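The structure's right below; bear with me while I get my questions together.
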Amino acid sequence: MEKKKLVNDKIPRKKKKRHKVWNIETLITISTFTFILLAWFVLTELEFVSSLIMPSPATVLQSFQEVITTGYKGNSLWVHILDSMTRLLTGYFLAAVLGILLGLASGYNRKIRAVFDPIVEFYQSLPPLAYYTVLIIWFGIGDLSKVVLLFLAAFAPMFIASMSGVKNVKTEYIQGAYNLGANKWQTFFYIIFPASLPYIFTGLRTSMVASYGTLVAAEMVAGVSGLGWMVIDASRFMRSDIIFMGLIVMGIISIILDRLLRFAEGKIVPWKGKD
Amino acid sequence: GNAKSTGTAGSESASDAESEQDLPEVLNIGYFEYIDDSLIVKQQGWLEEELNQLGVEVNWISFQTGRDANNALLSKAIDIQIGIGDPPVSIAVESKTPYEIFWAGQTVGEAEALVTKKDSGIDRIEDLKGKRVATTIASTSHYSLLSALQLNGLTEADVQIVDLTAPDILSAWQRGDIDAAYTWDPILTEILKDGTRLISSADLAEQRHPTGTYGVVHTEFGEKYPKIVELYIKQLIRAQQLYTENPDEAAKLWAEGLHISEEEAAKQAKGSIWLTPEQQLSKDFLGTSGNIGNTAESLKKIGDFLVDQKSLTTKLEVSSYEAIINPVYLENVVNKTNN
Amino acid sequence: MVNLEVKAKVLELKDIQLTYGTKGRDVLALQNVNLDIEEGEFVSILGPSGCGKSTLLKIIAGFIEPTDGSAQIDGSEINGIDWNRGVVFQQPALYPWLTVEQNVHFGLKMRKKEDKETVRYFLDKIGLSQFMKSKPYELSGGMKQRAAIARVLVNNPRVLLMDEPFSALDALTREQMQNLLRDIWRETKKTIIFITHDVDEALLLATKVIVMSRRPGRIVKELLPTFTNHITAEDNSVRFTKEFQEYREEILHLINSQS
Amino acid sequence: MEKKKLVNDKIPRKKKKRHKVWNIETLITISTFTFILLAWFVLTELEFVSSLIMPSPATVLQSFQEVITTGYKGNSLWVHILDSMTRLLTGYFLAAVLGILLGLASGYNRKIRAVFDPIVEFYQSLPPLAYYTVLIIWFGIGDLSKVVLLFLAAFAPMFIASMSGVKNVKTEYIQGAYNLGANKWQTFFYIIFPASLPYIFTGLRTSMVASYGTLVAAEMVAGVSGLGWMVIDASRFMRSDIIFMGLIVMGIISIILDRLLRFAEGKIVPWKGKD
Amino acid sequence: MVNLEVKAKVLELKDIQLTYGTKGRDVLALQNVNLDIEEGEFVSILGPSGCGKSTLLKIIAGFIEPTDGSAQIDGSEINGIDWNRGVVFQQPALYPWLTVEQNVHFGLKMRKKEDKETVRYFLDKIGLSQFMKSKPYELSGGMKQRAAIARVLVNNPRVLLMDEPFSALDALTREQMQNLLRDIWRETKKTIIFITHDVDEALLLATKVIVMSRRPGRIVKELLPTFTNHITAEDNSVRFTKEFQEYREEILHLINSQS
């Protein structure tokens, strides 16, 4: 069996077998999480750590129920989620579109790169927390400055990934396109863009991470709603149960978003590893 | 706020009659989530009651730090901020942020204190030499800590000051990363469970190092809409009255607003000293429009402190601090009610 | 404009030299290559592996610039890539995100000359009608090669540059492809430059056969066979003539003496 | 000229020409930055914006000189830079090594992926600011928790990129390796790893961004030195000149780090776009 | 163990069927393929483009499992990839991060049989000594193919599986490669399975020629020529014998009648 297993991932197999293999992996994942939960349970129940430092699963579950039914500080959990998602996805979406376009353009054309790459290189290095103050002074304390922050966090990874994508496009693909009569723009849209898709999807995923990671920072200032705000607010009142609950909700949402991206990737880039 | 320009634009020194026609569409008020008069006003919806009649919306925005409030005022995202401590105000004076103090409702009492671990062997402030003391930089507690050290013949360099937010102070405390902390409620209550109080802000106030919180208004907004400021002051006075007359009712409101128990709220409320309008207008605090009080001095003291610390660059004259204290609004309210 | 030749000279290579420079080690791939090609010629290039045939084709296609010498098309220096010099690569580089049909349609679409009819026609001719909707990675080696050929043929460029296009095809398919190409050449009077390793193929198709020397590649011989004019789909008996065999022997000898 | 320009990026050209082209790009980059500086100068000098919102270049230059000569709050600028870099690079380096190894392993083996991918997916979504509190509880207020935070920020993008890298390795490369007698591990080290290098480098770059972006958050807690701390401290005292100065220094350092990574990429992955 | 045949049966394919399934459209690539190969046989597979030759080779190599039927090596089911069944791919997949020498050395290194001597020997035999330090993308098409062949030969596997290994080579180089392969086969008595489109090549090398039908691929004919035994580097005159021509005609006829 040994040798056969080795190549599982890369070689077409019979449907039946594949399905079974998938089940084993699901089992492993489930076991992993069960183990983590159990460790958590044991650590807190046996009071190895104080409940302030780490609340027990039971407490967290309880505050979960509470927040679901009565909400947190005037807003239901769904409102918090919705508010966060609106901000996040607005910033992320804009960053994705702009990051992909400018990244591809910069990968493709040296002159465009000469303008944007150093700027992105420069600003990407500026920690969001450091320039958030400046953003607030410029854009106020409303949703605008939050969205701008999330946008900026998501933009740089998207830009870098798209640019790398272009640089890794096979020379033959580009030569071939020109040779078949495609002009600059057509080559860009019909060849460079699809050929860069594997990189773009990697970018979309890391960029989601970057943007999501800034959510708390964004909602920290002058917030009244949002998951990030909820977690920060809870931390001020030492409600570690709410913190943990918030983190778990954020984790689950992020897994869903990531799965959606990966699903899209599978649909859109079926030739992965085959060119 | 956005001006609703009805008729001619109001002149700089608008009289009551004129300003009635000239009102903002929204009033943006920044506040901190802790136990004070303003929270009662917010919980009761008094301001909304008054202003909605006039077609003005009220928008409450909570901040976590004085820095954020300062920035918000700077970007004109808020018109009024309530409950801001002296260090941020001193910083704003230095950086010429255009706002004025119109209210000095509370001084810090037992709500902030310096605490050491019970069995750390530290009994007096002098013992802190070489120890790790946590506080939140640029807060009232920070200033109080420095004052306490100075009063006991120590300098900042004699101790290791660790900059932590209140919740992080608790974590560091529990892990034993720090020997002492100067902080506020609710963390203060929490660490007092296995700690001893060395000195509190109430003690320091007695030794002429008071700290307090203020209500400030963006200068432009105050000049344009003095009536709104006065209206707000009236509600704050009303809240003070509610607290003195019916502390249980007030505790209930705070408990609701902060999601804590009523007992907790009642206890924490006792940590601050409330100042009546008359006290505020006295020589010890804001003073009067002709004769600015000691608040300017204590703000200068803090400002100078921060300069010594290299946090700020230049020591300013008292006059600069006097310039941002504007008791006129409060005077107007007091005079009107007295008449 | 100065010289008054009547017959249109499509391509003129003068003293072409090409050096690949990689990390200190320079490889001289082409040296002193001189070549004139006239409108409607079917040129076949033969030569030992690694002698610079593909490199020469890439220069003509405008993919690379010669290090020295001049390469002119219609009297002016070759200047980048142009669809009128359509290239079939040695290793088919089909786009994996497009179906076979879309790959073949690509050129027309880019030039805003959408024409599915023509695409279908050529897909049929190369025997891939059934695999129209397949992705390139679902094709066999020979099928990929055929799709790459169709992609360029559909585009109808003035000059066709083909780098060993039939090398992965079986005897029958290969013959069919040869006939297809010859028919297209006859009908449209395209100029075709065709690299192959099969001497028979070169003689059966070309009106000019060029034999190159071992690296650094130079042109050692130009021959002008005429067999292609006598061949029809039904009758390719010329290949059994003595003349054909003589040409064959000569070329084989030329190549084999390169070692 | 038109057509020739199009393919500049992808096709070997004569050395001379290349060099000249490079100069044009440098010129563009220089112009871009000159333009930004000029805009900044004009905006602040003509007092379109108050000096509080945006300090003038002169003020910033002045505080720069000041901080270089006398330091900031007891430490010279070099100490701040050194402290930050030590923290950053420790976390980053560990994250890079572990992220690459686990990412590659997870891309290669379904079972390993089943364990780590969901965990990474989950934790990556947790904003550093939200779980920093928890890290402080676990690792204290010293450098350890800071390094852990920087590590965690850098790890996820590295992991994702490496995993994508493996998934994009050509099937033939892997089949070929087994076929030549490589075992599981050898295939991993000699094939999967180098073949994933283009992705890994993209990961290294985005991961540097992510880690750098967390520097301020990391140094916010119990800081006494470091660039991030300097910026945060200055922001509390509304010293916008120091903030801007700090941001510029951070930007320059990040450009240097990024250039080093790209230089390494050029040296290590010369076959980019050629396989 | 039940049957008591004396001659070692290396490979036994029984009723092999293979269907590629992609998005609803199933492609039946192989159907009812039965084939026995004995130790030391040199098997050549011929057949029209897309008929399933590469697919069959991949099954033998253990890259893919048949959808139905059984593929046995030495009496036990083929189970994944093994270096003892060394494959030369149809499209050379050299590792671009390794030099030519390192590519060729790869197998030995992996099997902890480092031996630069052998590597040099084969590099010399295939004519790439000069390009030892080059990267694969600096090679011409034919040079890549030769490097890919050397990579597998150096590894000295028991069974050699080659998918059109000589298709990109010029006549002379091709003949040299054929001679090299025949010599190796004679000396080491390897079992070789060799896909080609060149009927002459098949007849000049193989002891068993298999002709496959158009897709879905089935085996339509097995022939057992012996010409390879009479050929030396100096003398390949057998190809001009009548018998050779008859074989040739028969096979060509078989392939051509597949349309």
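Note that the chains are named A, B, C, D and E in the order they appear, and that numbering of residues resets to 1 at the start of each chain.
In this text, a residue touches a chain if its C-beta (ideal position, glycine included) is under 8 Å from a C-beta of that chain, and two chains touch if they have at least 3 such contacts.
The structure presented is a predicted model; accordingly, all values stated were derived computationally and were not measured.
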Statement: Touching both chain B and chain D we find A
- prompt: By number of C-beta pairs in contact, which two chains lead?
  reply: A-D
Message: Based only on mean CA positions, could you tell me how far chain A sits from chain C in angstrom?
response: 49
- prompt: Could you state the distance in Å from the CA-based centre of chain A to that of chain B?
  reply: 39
- prompt: Where the centres are mean C-alpha positions, what is the separation of chain C from chain E, in Å?
  reply: 28
Query: What are the residue numbers in chain D that touch two or more other chains?
result: 3, 6-7, 11, 52-53, 133, 137, 170, 175, 178, 235, 240, 274-275
Query: Which chain B residues sit where two or more other chains touch them?
result: 67, 74-75, 167, 171, 174
- prompt: Where does chain E touch two or more other chains at once, residue-wise?
  reply: 20, 63, 80-82, 91, 135
Contact set on chain A toward chain B in their complex: 50, 52-53, 73, 133, 136-142, 220-224, 232, 235-238
Query: Can you name the residues of chain C that touch chain A in the complex?
result: 61, 63, 80-83, 85-87, 89, 91, 93, 95-97, 106-107, 110-111, 135, 137, 151-152, 155
Query: In their complex, what parts of chain B are in touch with chain A?
result: 30, 33, 61-64, 67-68, 71-72, 74-78, 166-167, 170-171, 174, 186-187, 190, 258-260
Task: Give every residue of chain A touching chain D within the complex, in rising order.
output: 3, 6-11, 21, 24-29, 32-33, 36, 53-54, 108-111, 113-115, 117-119, 121-131, 133-134, 137-138, 153, 156-157, 160-161, 164, 167-171, 174-175, 178, 184, 187, 198-199, 201-203, 205-206, 209-210, 212-217, 220, 228, 231-232, 235, 243, 246-247, 250-255, 257-258, 272-275
- request: Would you mind writing out the residues of chain C in touch with chain E in their complex?
  value: 20, 22, 25, 27, 46-50, 52-55, 90-91, 127, 133-135, 138-143, 146, 163-164, 167-174, 197-199, 252, 255-256, 258-259
